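These are the structures, in structure tokens.
Across the two complexes that follow, chain A remains constant while its partner is chain B and subsequently chain C.
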Partner chain A sequence: MSSWEDEDSAAASAAATTDVELLKRAWRNEKAAPEILHFDSALVSRAREQIQLLEETLDDFTDNGVDDLVVSLYQMDLDRTLFLLRSYLRLRLQKIEKYMAHIANSDDLLSRLSQQEQRFAKSCKEIMEKHLEQSVLSKLPYGYDSVTRQSLSSTEDDMVPEPQLDTFVFCKTKSDVGAFQLDDIGEEVVDLVADDLYVLRYKSIKGLVEAGRIDLI
Partner chain B sequence: MAGQSDPHLSLFSPSEVEFVAEDEIVEIVPNIRMEALNMICGDFGPFFPQIPSKVPLWLAVALKRRGKCTIRAPEWMTVERLTQVLDAERESPREFQPLPFHYIEISKLLFDHARDDITDAYLVRSLIEDIRDVRFHKVESGLETISGRTHAVKLKNLSAMEVNIVRPFMVRTLQAFYKHDSPQMIQQADNTGSRSTPVTDRGPRRDLRRR
Partner chain C sequence: MRNVTPLPVVAPQTKHAPMILTLLCSPAYQSESTKFFPRDDTKFPFPPPPAPLVRPIPLDKRPPRAICRPCRSQAPSSDRSGPVLERRSVEQVARGGGRAGGRGSRMYARRASQLLKELDACEPGQLVVFNSDVFDQVIRECGEHNAQFQALIRKMVEQNLDIETTRNEDHYGAAIHHLSLLRNKRCLMAYMYNRAETIRSFRWKIGPVLPHEIQEKLNFSEKEYFRSHSTAIKSYISEMDIDLTVDMVPPKDPYIQVRVLEDIGEVSLGDHSVSLTKNSLHFLRRTDAEQFISQGLMEEFLE
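Here is the complex of A and B:
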């Protein structure tokens, strides 16, 4: 009996972890999380390869006169995957544009970006700084001409947009997490049961999202 | 002040929620013969006339629109099952009945493209609409119970589209309470209160907490 169940669950998990499924999860998490998440370069390059392969196959199909119906079905599959990938990449670019100064300040955040994204973040920041410098800051009096600080008397970078990490997010647990502490002092504890839906503070479940134990929706 | 979250960045559009739902698996009965499809999103088929086969909803709809199959309505989309759900939904004012996570999108797609494959389509449709209404009313009254003490909300069995609709209200409400209830904020208010701001500023905040 137990071997049957094992096979079943193994089959189910294999089915649930196609690259499209993984990409969809990454896309949803990225969309729902206030900050930029880790870029899964292995996954993205696998998706790219599969897309390219299917594009080539489709070319062959049209050359070989394969049934229009079959071609159109494969085309839909291709379009859906392309949409996911594009939307995922664009979403990340949007976040980078928005928080470029904040990301550039932190090695941890920078390490979450792909090579191309890092280059994008860097040049985006340079261009923006140059633009602000030329159009506004150079005309402001001394002490008020910083991109990142309101004035000389500011003790920290108070003009750098940062993602709001204590915002609330909708999430779904994949498996039992058990009693989970939401704050630092242990006043707020919730019991996270498998496959349930919660609205929680992003900051407190950040670790679970990164470990892939919980999905944002 | 930095850190205002952009409402558009983290929102799914209804069509994006539908896109996700289109990957749900349904059963079709093809009327043509077709080789297996080895797609990026998975392998389906081979297909033989009158032999049921499982495919994602988008594929089922594409075949249906070309007249190549009939779609078998999912088990839960029957008058009998939905009547039970509606009754249970009405009986328990604080709980949601288990329904597929994408029941709204799935039923909408099937009504739009495979109406003739659903038995008692008219009745099924009005039952689903009633269920939606009852559930949404619960969501709305649930919002009223959020207070400064709310640090987590559990929404067992809430569906994808329902999440999407309630998200902006829920998030902003929780955030506002969290912000005004945080010890930092209260301390700050006390400090400024003792220094310059009139005492009246502290009154209402205290009341809110004690409630």
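Here is the complex of A and C:
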């Protein structure tokens, strides 16, 4: 009986470590990146499954009268994972809130969001536009009443807040990347060694972040 | 009126020239508007060259595009008094046409920048009362700028001048009105937008119902915005089936000690019920206590 339980929980915890680790990485990257990153729906659904599993295990524990200390340790583990997941989703929502118009205009950025986030971004933008429309734009003269453009003479959207992609980020390499070109002309080349810390412009290492070769911290 | 060849601007000599430069070159123009609405400054100060009009627009509604091509080395000829001088600034008109003394009092769109200064002076994450007085004044200013702008364009059309190419005093006068209007618009938008950002943050920090003190700082549209935005967040949360409004800080311990600030009464938490009377201390599950803490009914008790 006890060996059964041990095996079960060992398997569960082994799986949880990796996924929690992955979630932690996704969360950290999301937190440090100026723009919104790809939504890892598979990871999130796996994490949610495991959270549910852990909740059920905990209920079993309380029913079977397992030692309180063990229960509270499990509870703590659960709480932390839940926080991670919530914080991850929250961070993304707040980024969407901040750059709603910019995200809604670009198909590339929209494709990074989950279905639910896309719906949220859309309604977010509509609500904001309605608010600006009724408080400011409807009172301005003809030609100056666009949300995204300053006036009719603007040929492109020039009033959409965008994330600053050339800000600096702290990052840690996971493996040797080798000589890496930071700018387009090849004047700045950095040798990225495994497990080393760097402060670089986000724009230049964007590709590495997306490919998962470098972690933001 | 003669069509005068514009002189290159080296040292502006007329009294109003500094005003133009003040407006266009004022660091406030650039810093404030870029701060709240980042923009590409290469296009500054004028919008890009005109593109052919797609559809004809009635003359009195003619967009400003036509009169605003880039003219880096050109400015109003400085040896005669142009209409910019005669046409007193909106500020002056509003004040009864008195002679403006300092450069500040001559600057268009100064009121709008006051709104942003107010915003900036506020602690981050806090709000002051919506300044509807100044806000409405700026909206009125916008209307006046537009009227002046249209009048100048009409005048040029009546003189049979080509408004796309003519560079006379009316052109520059109109350009100033156009730019002032743009600046006013950017300031108003930035004001509303940044306030809206703070209002959104209340949803995360305080919850779906705002206390009275905050409610009275919002204007009607902002209240509505908060409500609709809360609904959007709520529908996301129910779609995802996970409550995102709890767990705002990383958990350290599953249980915390709390002090009850207001009588809450009998509450059932999990498998047992607790009577939460004012000033009593309890040892509760953090997840249970959090909802009361965010409503301000409890506080974490730290020894």
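Operating definition for what follows: the second predicted complex is superposed on the first by the 200 of 217 C-alpha atoms of A that agree within 3 Å, B and C clash if a C-alpha of one lies under 4 Å from a C-alpha of the other, contacts with A are read in each partner's own complex, and residues count from 1 in each chain.
Note that a residue touches a chain if its C-beta (ideal position, glycine included) is under 8 Å from a C-beta of that chain, and two chains touch if they have at least 3 such contacts.
None of these values were measured; they are calculated from a predicted model.
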| message | One more residue to check, A:80. First (chain B), second (chain C), both or neither? | response | both
| request: Pick one for A:50: touches chain B only (first), chain C only (second), both, or neither. | output: first
| task | Check the residue A:116 against both partner chains and state whether it touches chain B (first), chain C (second), both, or neither. | result | second
| Given the touch rule stated above, what does A:176 touch, chain B (first), chain C (second), both, or neither? | neither
| said: If we overlay the two complexes on their shared chain A, which of chain B and chain C does A:72 touch? Say first, second, both or neither. | reply: both
| task | Answer with first, second, both or neither: which of chain B and chain C does A:19 touch in the superposed model? | result | first
| message | Going by the contact rule set out at the top, does A:98 touch chain B (first), chain C (second), both, or neither? | response | both
| message | Is A:152 touching anything from chain B or chain C once the two structures are fitted on A? First, second, both or neither. | response | second
| query | Is A:217 touching the first partner chain B, the second partner chain C, both, or neither of them? | reply | first
| field | On chain A, the residue positions that both chain B and chain C contact, one per complex | value | 72, 76, 80, 83, 94, 98, 158-159, 161-162, 164
| message | For a test of understanding, state which residues of chain C touch chain A in their complex under the given definition. | response | 37-40, 43, 47-48, 50-51, 61, 63-65, 68, 139, 142-143, 146, 178, 181-182, 185-186, 188-189, 192-193, 196-197, 200, 204, 219, 221-222, 224-225, 228-229, 232-233, 235-236, 239-240, 242-244, 246-247, 250-251, 253-255, 286-287
| message | Taking the touch rule as given, give the residues of chain A at its contact with chain B in the complex, in rising order. | response | 15, 18-21, 24, 28, 31-34, 47, 50-51, 54, 67, 69-70, 72-74, 76-78, 80-81, 83, 91, 94-95, 98, 158-164, 166-170, 182-183, 188, 190, 196-201, 217
| note | The answer for chain A against chain C in the complex is residues 48, 72, 75-76, 79-80, 82-83, 85-87, 89-90, 93-94, 97-98, 116-117, 119-120, 123-124, 127-128, 130-132, 134-136, 139-144, 150-155, 158-159, 161-162, 164
| message | For a test of understanding, state which residues of chain B touch chain A in their complex under the given definition. | response | 2-6, 9-12, 19-20, 22-23, 34-35, 37, 39-42, 58-59, 62-63, 66, 68, 151-158, 160, 163, 167, 170-171, 174-175, 178
